[in-house]
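Listed below are the structures to be examined.
Look for subunit A in each of the two complexes below; its partner is subunit B in the first and subunit C in the second.
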Partner chain A sequence: MGSPAASWLSHVRRTPLLLFLMLYTVISGGPFLWVATMSLRTTPEIFAAPYALPSRIHWEKFVEAWTKSNYSTYFWNSVLVVVTAVVLLTVLGAMVAHCLARYRFRGSRAVRFVILSGMVLPPQLMILSLFQILLEYGLYNTLTGLIVVYIAGHLAMTVYILEGFFAQIPQDLFDAARMDGYSDFEIFWRITLPIGVPALFTTVTLNFIILWNEFLYAVVLLTEDDKRTLPLGIMHFMGSHQLDVGMLATGLMITIAPIILLYAFFSETMIKGMTAGAVR
Partner chain B sequence: MQAGGTLQAEREGKSRASWLTRLRPRPEPDARRAGPSTLAIFLAPALLLYAGFMVYPVLRTFYNSVHTIGPQNVQKFVGFANFHELLSTDLVFWKAVGNTAIFAIVATIADVLGGLLIALCLFSRPPFAKLLRVVWFTPVLMSYVVVGIIWVWIYDYDWGLANTVLRWIGLGAWEQSWLGDPHTALGSVMVTHIWKWLGFNMIIFLAALSALPGEVLGAAELDNCGWFAKLVYIIIPMLRPTIVNLTVLSFIGKMMIFDLVWIMTGGGPLWSTETVSTYVYKRAFDWNTFDLGYPSAIAVLWFIIIMVFVVLMTRLFRQRDKLEF
Partner chain C sequence: MAVVQIDKLTKRYDGGAEPAVWEVSLTVANGEFMVLLGPSGCGKSSVLRMIAGLEPITSGTVSIDGRVVNRVPAKDRDIAMVFQSYALYPHMTVYQNLAFGLRRRRVPPAEIERRVKGAAERLGLSAFLARKPHALSGGQRQRVALGRAIVRDPKVFLFDEPLSNLDAALRVSTRNELIKQQNEIGITTIYVTHDQVEAMTMGHRICIMDKGEVIQVGHPLEVYGNPANTFVARFLGNPPMNLMTVELETVDGRLCGRVAGTSIGLGDNVGGLGNGLILGIRPEDLYEVPAPAGLGPMAEIAVRVIAVEPLGAETLLVLSGAGGAEEFIARVGRQTRLKPGDRTTIALDTARIHLFDAATTKAIPHGRPGAS
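Up next, the complex of A and B:
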């Protein structure tokens, strides 16, 4: 490979590969850049030339979307639901995972089986009766109802990931802590949680992304406009202003901006988080 | 677990023995034990939520599936009548089953093969591999609503990217109303779904590829093994567990597909993209039939079918594994 001719040849051989790489990069990332340009252009401008760059940047569209098109309500609903659900999921999931990984107790197998079997249940199997149940509990059309459903629905995956990690923490640490007179809660709080931070990060990113994007439960369980989360809000806007492509693109940017922003800084954590359930 | 159990028994035995010999009144503290109240505090909140909003709904769906549930929750037991109607006279259901099956089979194969292909591209260490990996994964992070709306625009007849590109490269005759034509709608939604998930499979394959033992690949190179032979005879057999895993995972996901179809076509035109899940939703909330029993029966039946497939697939692949080694 040392001679210039050989390296030139290897470059030629690799040209199709490089072209394919460029093509796939355009295909996978291009649509988002396109939406980003459209979010800064007005609808008449877009219809005149759909693929042009913004000639004048209309930042005011974001202000308009935020104040006039109700996107601020959708955004804060999403933030409230997702943050609450993720925090509670992490705490409750870690408590269960700690118990299953640490303690031997009667019924631990049954508890593990019941919770982990939640991973194979399709949402379609719960959604119809959840609609009935939330109506009966008075939780239909409330953000609390949605949060509770989200926690129950994603507990299985959270416990699965956390337990796998917690079980690998050496038992000696816990024996020593017990000798030193730590209570069960101190052991959980001062040993399991600090050591488990990488796994907690994983579940937090996974749950955050999935819940931020969640659509099926939300569309069934929320109908009032001021309760809608972002995905529902966008769908609603699409339904009523189908031709206002420019405004819709601005709404899409508001939806994906938090994810893109986090992804720019924590890409590895997010990739790891999203794929955590699939790697064994 | 087994090994842990015996260790545990040993430890207990020892502590009991030392207690007997030294007559110490207090047994050694055991970090594997916790009192019932401690366990209750740790487990109860999660288990209660889980029981109320996961276990109970599932049981109730099974219960609903043999009833008709009218407005004001008027219930009537009908036995297996829902299932009977579903299997014998419901043509839309069978159309939905056909669409979902095509979707699950074609898109799963495309997803797994495509994911492997682009993972191999990155595995060959091209320039900017790290950056490309991050860009290619982006669609996985986006919600179906975002992806669906963008692709509705891409497929738009007048100004969509698909037709614009076709016109630009001189294939204007092929331009279509991609989502409006019953012949192309399902395929178009499938392309979008594959596009969204390729990056996911790529990451899993990349992890598996970099875990392959380097000596084997090196030895193949020394033997002047071509890249295609290397792929077919070495890489793919060694990736087998990953391929099986991803196939099953991807298949389950596609059997339940709802969001993307709902957003892009709503099941239309002419039921050409109707899937089982969208049909369940429509029967429950869109059609004015006011019966939650019938859609519950569809959900239950479909769940059982998915489970049967998953068990069959894992059995089948596992047995083949046994024969090979």
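Up next, the complex of A and C:
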């Protein structure tokens, strides 16, 4: 075991995979690093040498974006919309998932089908209908309207992930709680939710990342500058005759940074939640 | 303590062609340990869940101390249940698991602490109260599940195959612990299992079920010694009872049956033979010749040894009689020198034979048989 020839052979076998992974890392990580460096350089510096590293780090660009380009407004709009949507998605999704996983009632299959079929339809297909509906109900160009759309659009995925996890919780736990005298809601609150924390973490993280970066619904359903979310903020730097690349990059970094931090802290928990119960 | 009465209990599941439980009637006396025994899918767990109130009843009644509880919610039946999977809440400590049911019933905190610590001490769990279930062994988890039932101080205990997830050695020690606890506490207990050793050693009475119906109820040794039909005869006993077809004949004016080439007297007053006959004999009632003294009249059967299975304390012989059509098993001492292929004679204790109707499989009562 472990002869030099065998060891060399295993290295040779792994080389194509390593090369592929390095290439993939460069392709996926490269643009991000490029934007990060551009965010610290001025636009003239970028046009002079697009791929150079910063000769001087311009931290003031972030202050300018935050204070003079309305990014603080966009940031807090995003926080309000995304946090509200994620909280409501989690609460509603968990309740729906618990019912679908635990109870057998007339029409449960139809309800499950209707809810989960929402994942099949692409957002582009629904955007016009949603525009009409929000206009009719006076929710067009409001953060409330956007929150409602986000919840409706992502409830299916949330229910899908949580139902799979909740269904694996042994029925005996619920029977024992019933015999102890707990009501259905108390069982949901005291048993399902605490045990389902890994899956809840997963859906919170996933929903946060997706909604924080969401652009299509936001650009169609919000028109006023004061209502814009961060992904729309970059449009601030895009005129009909000019493109402030440097500030664009700075704006992108402000948008990306919270997601990077979130993923850095919670990715392991998220992956555990997605794979929990896959193997007994 | 309480009397549990089940009267014609029936359960049909949606989409099921046959009822899962069919007109089960049973009375469990005050303080009695009743074991529901049967193969997987026979309906014993369904019966238990209907008693617990976890499963709606299709028809029939469940009464506790004379009060029909069909429509009484599970939480109000004053029943505690120990589940096969222990059903311990993984996010709670042992203390919290034990206290969970009491908190819901708004028992004062001081009383909760008294009961929890009392149960923990009784079950040897005092050192583990701050641990969570994942940090406990299988036997410890089982004791926590039992403790959670004990602290409730219920009228009835229900056990749903609580030992099936334990290894063999732990099963033996936990079984003895359960017997000890039940004897000390004296609560009416209904225990579901498919393990005949648990049934024989734990129950005051056993109730054998098959295909949703009660086949036989009685003291374990009484059921073992007088099985009601061939199913009970084969289900109890390891190895199971040998069942052999019988050719009826008359020898010297006496009714006899030819089994494995040997004619055996079937005794007096054997009725209902129109449908054919099956003879049952337990492996431990077959002996190497010469048989020990003090037994009933013996019939000697010429056999050929098919296989020898030494188990250490005893040996199982797989045998075939004349013609080799039917094989049967004898349990003999470990000192046997028989080998596969040997031809020998086996003694059958005719006082221990059982007769069954070949069509209905039910036991046929008979007088003292004997060798012809």
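Throughout what follows, the second predicted complex is superposed on the first by the 237 of 280 C-alpha atoms of A that agree within 3 Å, B and C clash if a C-alpha of one lies under 4 Å from a C-alpha of the other, contacts with A are read in each partner's own complex, and residues count from 1 in each chain.
Basically, a contact is a pair of C-beta atoms (placed from the backbone, for glycine too) under 8 Å apart; a residue touches a chain by one contact, two chains touch by 3 or more.
If you're wondering where the values come from, they're calculated on a predicted model, not measured in any experiment.
S.K.: Touching A:P194 in the superposition: subunit B (first), subunit C (second), both, neither?
M.R.: Second partner only, subunit C.
S.K.: If we overlay the two complexes on their shared chain A, which of subunit B and subunit C does A:M179 touch? Say first, second, both or neither.
M.R.: A:M179 contacts both subunit B and subunit C.
S.K.: Applying the touch criterion given at the start, work out whether A:F165 contacts subunit B, subunit C, both or neither, answering first, second, both or neither.
M.R.: neither
S.K.: Tell me the contact category for A:Q124 with respect to subunit B and subunit C: first, second, both or neither.
M.R.: Only subunit B; A:Q124 stays clear of subunit C.
S.K.: Need the overlap of the two footprints on subunit A, from subunit B and from subunit C, as residue ranges.
M.R.: Looking at subunit A, the two contact sets intersect at 175, 177-179, 181.
S.K.: Considering the complex alone, what residue numbers of subunit C touch subunit A?
M.R.: My answer: residues 49, 52-54, 74-75, 79-81, 83-87, 89-91, 100-101, 104-105, 148.
S.K.: Which of the residues in subunit B come into contact with subunit A in the complex?
M.R.: Where subunit B meets subunit A, its residues are 4-5, 8, 29-35, 38-39, 42-43, 45-47, 49-50, 52-58, 60-61, 64, 69, 73, 118, 121, 124, 126-127, 132-146, 149-151, 153-154, 159, 161, 164, 195, 198-200, 203-204, 207, 245-246, 249, 252, 256, 258-259, 262-263, 276-277, 280-281, 284-285, 292, 295-296, 299-300, 302-303, 306-307, 310.
S.K.: Considering only the defined contacts, which subunit A positions touch subunit B in the complex?
M.R.: Within the complex, subunit A contacts subunit B at residues 14, 17-18, 20-21, 24-25, 27-29, 31-32, 34-35, 47, 50-51, 92-93, 95-96, 98-99, 102-105, 111, 114-115, 118, 120-133, 148-149, 151-153, 155, 159, 171, 174-175, 177-179, 181, 184-185, 187-188, 209, 212-216, 219-220, 231, 234-235, 238, 245, 248, 252, 255-256, 259-260, 263, 267, 270-271, 274-275, 278-280.
S.K.: Subunit C touches which residues of subunit A in the complex?
M.R.: Within the complex, subunit A contacts subunit C at residues 170, 172-173, 175-182, 186, 191, 194-195, 197.
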